[in-house]
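Several structures are given next for inspection.
Both of the next two complexes hold chain A, though its partner changes from chain B to chain C.
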Partner chain A sequence: MTRSQRTAAFIASRLASVVLTIAGATLLLFLMVRLVPGDFTSVMLGPRATPELRAQITHDMGLDRSMVEQLWLFASRAATGNFGEDVVSHRPILDIVLDVIPNTLALAFSALALALVVGIPIGVIAALKPGSWLDSGLALLSISFITTPTLVVSVILFLIFAIGLHWLPVAGAGNPGDIMDRLRHLILPSVALALGWVGYISRLVRAALLDTLAELHVRTLRAYGVSEYRIVGLYALKLALVPVVSILGIGLGDLIGSSVVVEIIFARSGIGSLIFNSIAQRNYPVVQACVVFIVAFYIVANLVVDMINALLDPRIAVGRG
Partner chain B sequence: MRMKLDRRTFLAGSSALAILPYIGFARAADRTNPIIALDADIGNLDPGNRVGTTEGNIIRSVCQTLVRFEPGKTSWTNDAAKEIKQISDTEFDFELNPGQMFTGGFGEMTADDVKYSFDRYINGDKSGKKLAYADDMEALKSVEVTGKYTGKLILKHPSAALWLIGICDASGAILSKKAVEQLGDKIATTLIGSGPMVLKEWRPKEQFVLAANPDYKGPYKAHFEEITGKIIPEHKTSFLSYQAKELDFTAFDADQLDTAKGLPDTKVIDIPGIDYTWIGINVEKGDLADIKVRQAIRWAIDVDAIIQGAYSGATSRAKTLLAPGLLGNWADAPLYTRDVAKAQALLAETGKTGLTFTFTCLNDATSLAVAQIAQANLAEVGITLTINAMDSGAYWALGADDASKDLELTLIPYTSKFDPSFQTQWFLASQIGLWNWQRWNSPEFDKLHQEGLETLDKAKREAIYINMQKLLDESASCIWITHGRNFFVDAAWLKPMFLPNGKDWQFEFFDKA
Partner chain C sequence: MAISLRNLSVDYSLPQGTAHALRGVSLDIEKGELLGLVGESGSGKSTVAFALMGLLANNAKVTSGTATIDGKSFDLTKRNATAALRGRGMAMIFQDPMMSLNPVFTIGTQLCEVLRRRSPGSDRKARVGMAEDALDKVKLSNPRRRMNQYPHELSGGMRQRVVIAMALLSEPALLIADEPTTALDVTVEAQIMREIIGLRDRIGCAVLLITHSLGLVTEYCDRLSVLYAGERLESGTVRQVQRQPGHPYTRMLFDCEVPIDRERQADASENRFTVISGDLPDPRRRPPGCIFNGRCDVSFDDCAVINPGDYPVGNEAEHRARCLRLATP
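Here is the complex of A and B:
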């Protein structure tokens, strides 16, 4: 088998596992949300929810069918991108989810970019001076970032930069159509979300870089008189980034999960706050659609990461990595 | 393309980033149209199927009703109607103003539109489904069209409530028959009206914009060109946002009152609520079936301490169902000030010891604080309380399938309307298994409720509702906690307007101070 055939086989097997994982995760969550007590009509209408209305809305949501029927209906519709219609607003659920996804993706990707831009240099600096005061200080800083909950970071940033200094806005995602306003509204939530990952990435880069710098080929480079900065910049960092890239897929998933907290604190619309509110309202069809999107996104992100890793280190694609 | 990062590029980039936060701040000071916060998004704009106060407030400003609430009052004057003539207690003639145009090119409002709009409450929507707010028009039997602009409202029985909670409110919105038929299910997200404002834009989960309707022919022209409503579910966030001058008006929580009073260029608005929160006692459940046990619990729970501890002392305590200011408020209702000795004596009379009950409540901080204070109070008289805090989904599901039969003590927060019948309906025998979680059954109460619905004389109605509250008091099934209080901050240049409950906002009457 040639290298390109092996890579194609690798991609095909990963795609097959993607489909199976999305189906499995969706099935699990489909069953789990139905174990939660409570019904949509009572939450939405309170004492106005008469038995007649409750039965009517339960029927409209398809919740009076058997579990198997509900699952089949959901799966067959979801496969064609049709998640049905929201029982309150009568809007297609797909539209409701697509309305908020750009906000969440902007938040997650900007946080990830920030984490990389800040985390990698910190890790490199620490690895270049292992055991020094600078290394210890950066270790303390990184661990502080990791251990401080996003909730706390959000509130502190909020109080300092929005309330105290009035530099940045407090709530929302900004005026639609005004990119600068959207960007201003993105700064605090992104920083709040990124900070923990700055810590993770810097520690990971430091450890990986130290391992790489101790390898034989690096010792050979040193013996040839190549400067330490060239060794790190041109050779060692590329290899040290393999585990960082591996963790990015998980990182994106985690950032989307953590976005629930940030979106609620900063009153941003997004998939996190949509899921949170839909669970509170027991609006199962919307929860299910959101979950499908998140699972799909998470898996695709991991797939892309695997591809990048295969490019960075061909041993992975042939199953030797 | 290769990007070269030199010193100059770096400095330019850094400068751009540094000024980024300042862009746009000039707008806050220069605003001439208000930006306000709402804690809930639009759910469904069909007046009969709305789900919250946000839609109600928007519908009232976008649509016309036959008669409209006056600014800040529950009295009303003609809006779409040129004249309404009472023929008898159950028959009213109405005549519409000519030339009232629906937005979106849906033509002029006629009596047909009134009939169509109100018939939906009687017959259901196009597929016969009952509307969620159908009960607001319960007293309406039919609408007859007698001319292009004229018609008759025929009632099943005399009803004061029909006007107050039906025809004046969002349920009374007159829709365009042509628009509803053409839009189908889209009326849930598209509001076609003929009122003072139009819904210019709605970005779900983010904001909506109401704009003055240039074609509005009625007497209540909107004062602002636009009002932007930002959806911010948490009051604490919207309050901070107000402090950062991103908003001109928001509600806030009682524990922020001192901070609010210290804000510059700000008015603090404090409106006593008409809602009601109470501890309901299930009169059918075990030892609670003994009225003396219920009376002992009532004497043992320190409502004043609850007001101080759970509500930061920022609201006043309630002593009966109907809030002050509402028709039927029982001003002389007894105030049960904590008396441990009386509670212990009553328990001794029953001979019961080691009583243990479950206290069910929502899992928010205020409800939990109420539960903990009640728990401590009852422990002093030898009653053990186990707290069962539930999220709203599970909690409100107790109103279905007779789930309330297992409740014992429950903290219940209900919202009110201006007519007392709306509040008393939840205590009827027919609501046992649904929303009467006390499961208290009084044929006399039920009879009075029906009398109250059908009586028009104000003094007689008042007496009826006071008698109903006396019956509730005798049952010792309810420990009234508070009617709530609504706090708002608004920029000094803005003058918001609300109906007296503080919940129903009148966007069309928002004005410059």
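Here is the complex of A and C:
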């Protein structure tokens, strides 16, 4: 097989596993959502609702059917993109989720981009002179970024830049038609979300770079007079990014999880705040739809991560890695 | 004199104390000449190479030494003294070709990187052409295809050819080959040595061949120096040393080579090979007298006391060895 054929086979096998993973995750989530105590009717309608109304709502949500029937109904509809109608707003659940997803994706990707753009150079600088005061200072900075919870970072940023200095808007996702306004609303939440990842990425890049710099091929480049900056910033970095990118795939789940906190503090609409509110209401169908989207996003993100790694390291696509 | 190395001493600081890896080693290599530097593991052969290149580990320190390369002198005790020569005046071929190329860049990219430094004025297209040409010269089949391949797609021998092509592109005055065939199949050894000699003939550089194999040296080198426990014990032309080893250590090294026509016993465990008994002396505390005294089969009382000078062997000026038996009373 040629390299392009091998790459095609690699991607095909990965796509097949994507479908299986989404199906498995959906089943697991369907069962787990039902473990949350309390039910929708008593939370939504309050203790004085009539039994008839309760029965009506329960029937509308399909909760009076057997578990197997519910699962089949959910899965067969979800497969065609139909997640049913929300009993609260009477809108299709798919529309509700699709409405908020762009906000969350914008937040997650801007945070990720920020973390990479800031984290990688910090890691490279730290690895240039290991053990120097600069390295130690950056280590302290990175570790304090990692250990400060997103919740605390969000509140501090919020208090300083939104409430105290009035530099940036306090809440919301901004005026839908106004790109600049939306970007201004994005700054604080994405910084809050990215900060921990700046720390993680810089530590990872530093460690992976130092490992790579000890390898013999680096000595070859040095022997042929290649400058240390080109060695660290190009030849060693490309190799060192492979483990970093792998961890990013797993980390994206954490990023979506943390976005729940950030979206609530900054009162942004997004999939995080939608899940939070739906769980509070025991609105299972909405929670289920949200989680299906998150799982799909997570899996696709990991597929992309694997493809990026195959591009970075040609040995991976061959199927040995 | 194209290349000369004078009085090189290197210390390694280790948790157990300071190890003196090299003590006052001097070498001379003429242009177009192959000098074999022979010694057993731990004798400091590779330290000579890395001290010249300025690529010693961080715990190593050059305490004395001057290198003269193409008429310019370099004080090796200064860090990165020869940095300006890397990839220009000096090039190196390494022991482990499987590890000496970056796995995530193509052969072509790595060859062109050498040219970025060697011929800074050239454009990309010219560099690619020169790199392809170099691959062709080291007899790598299908050079155009190789340029776009990654190291893992090539065998060990092919990768070593790529490194030789790198050396070729950098057109050095001194080429250091540190055990270039040790990690390769015996069948490839002769081919790789032929390419190194071909490179020497093409650019007329001096070659320092570092090896533990006397066979390799006697077959390919013009002259040889014998290193033992960080000290040079003998030097001369290969013919001189082969005919009349001046130092007992050199003679014992030759005795350790297994002649191809030696009679073999049916039971392999019955075969007897010559070995040099004993171990290298402690590199932290040099014993007084001759460094080889503890393992020598012809030592006498003075050997434990007097550190021998570098005496001529026979009537030939170039052939010298550090053995008291050669001292004229």
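In this section, the second predicted complex is superposed on the first by the 317 of 321 C-alpha atoms of A that agree within 3 Å, B and C clash if a C-alpha of one lies under 4 Å from a C-alpha of the other, contacts with A are read in each partner's own complex, and residues count from 1 in each chain.
Just so it is clear, contacts are C-beta pairs under 8 Å (C-beta built on N, C-alpha and C of every residue); 3 or more make two chains touch, one makes a residue touch a chain.
The structure displayed is predicted, hence computed values, not measured ones.
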>> What does the overlay on chain A give for chain B and chain C, a clash or a fit?
In response: fit
> What is the C-alpha-centre angle with chain A at the apex and chain B, chain C at the ends, nearest 10 degrees?
Replying inline: 160
>> Tell me the contact category for A:273 with respect to chain B and chain C: first, second, both or neither.
In response: first
> Which of the two partners, first being chain B and second being chain C, lies in contact with A:131: first, second, both, or neither?
Replying inline: neither
>> Per the contact definition in the header, classify A:54: touching chain B only (first), chain C only (second), both, or neither.
In response: first
> Given the superposition on chain A, which partner contacts more residues in chain A: chain B or chain C?
Replying inline: B
> Smallest separation in Å between any Cα of chain B and any Cα of chain C in the superposed model?
Replying inline: 18
>> Going by the contact rule set out above, which residues of chain B touch chain A in the complex?
In response: 20-25, 37, 42-44, 51, 129-130, 132-133, 135, 185-186, 188-189, 203-207, 230-234, 237-238, 240-241, 243-246, 391-400, 414-415, 426, 434-435
> What residues on chain A touch chain B, complex-wise?
Replying inline: 36-39, 42-54, 56, 85, 88-91, 96, 99-100, 158, 161-163, 166-173, 176, 178, 180-181, 183-184, 187, 264-267, 269, 273-274, 277, 279-282
> Where on chain C does chain A make contact in their complex?
Replying inline: 53, 55, 83, 85-88, 90-92, 94, 96, 99-105, 110, 113-114, 116-117, 150, 152, 163, 166, 170
> Touching chain C in the complex: which residues of chain A?
Replying inline: 215-226, 230, 235, 238-239, 242, 312-315, 318
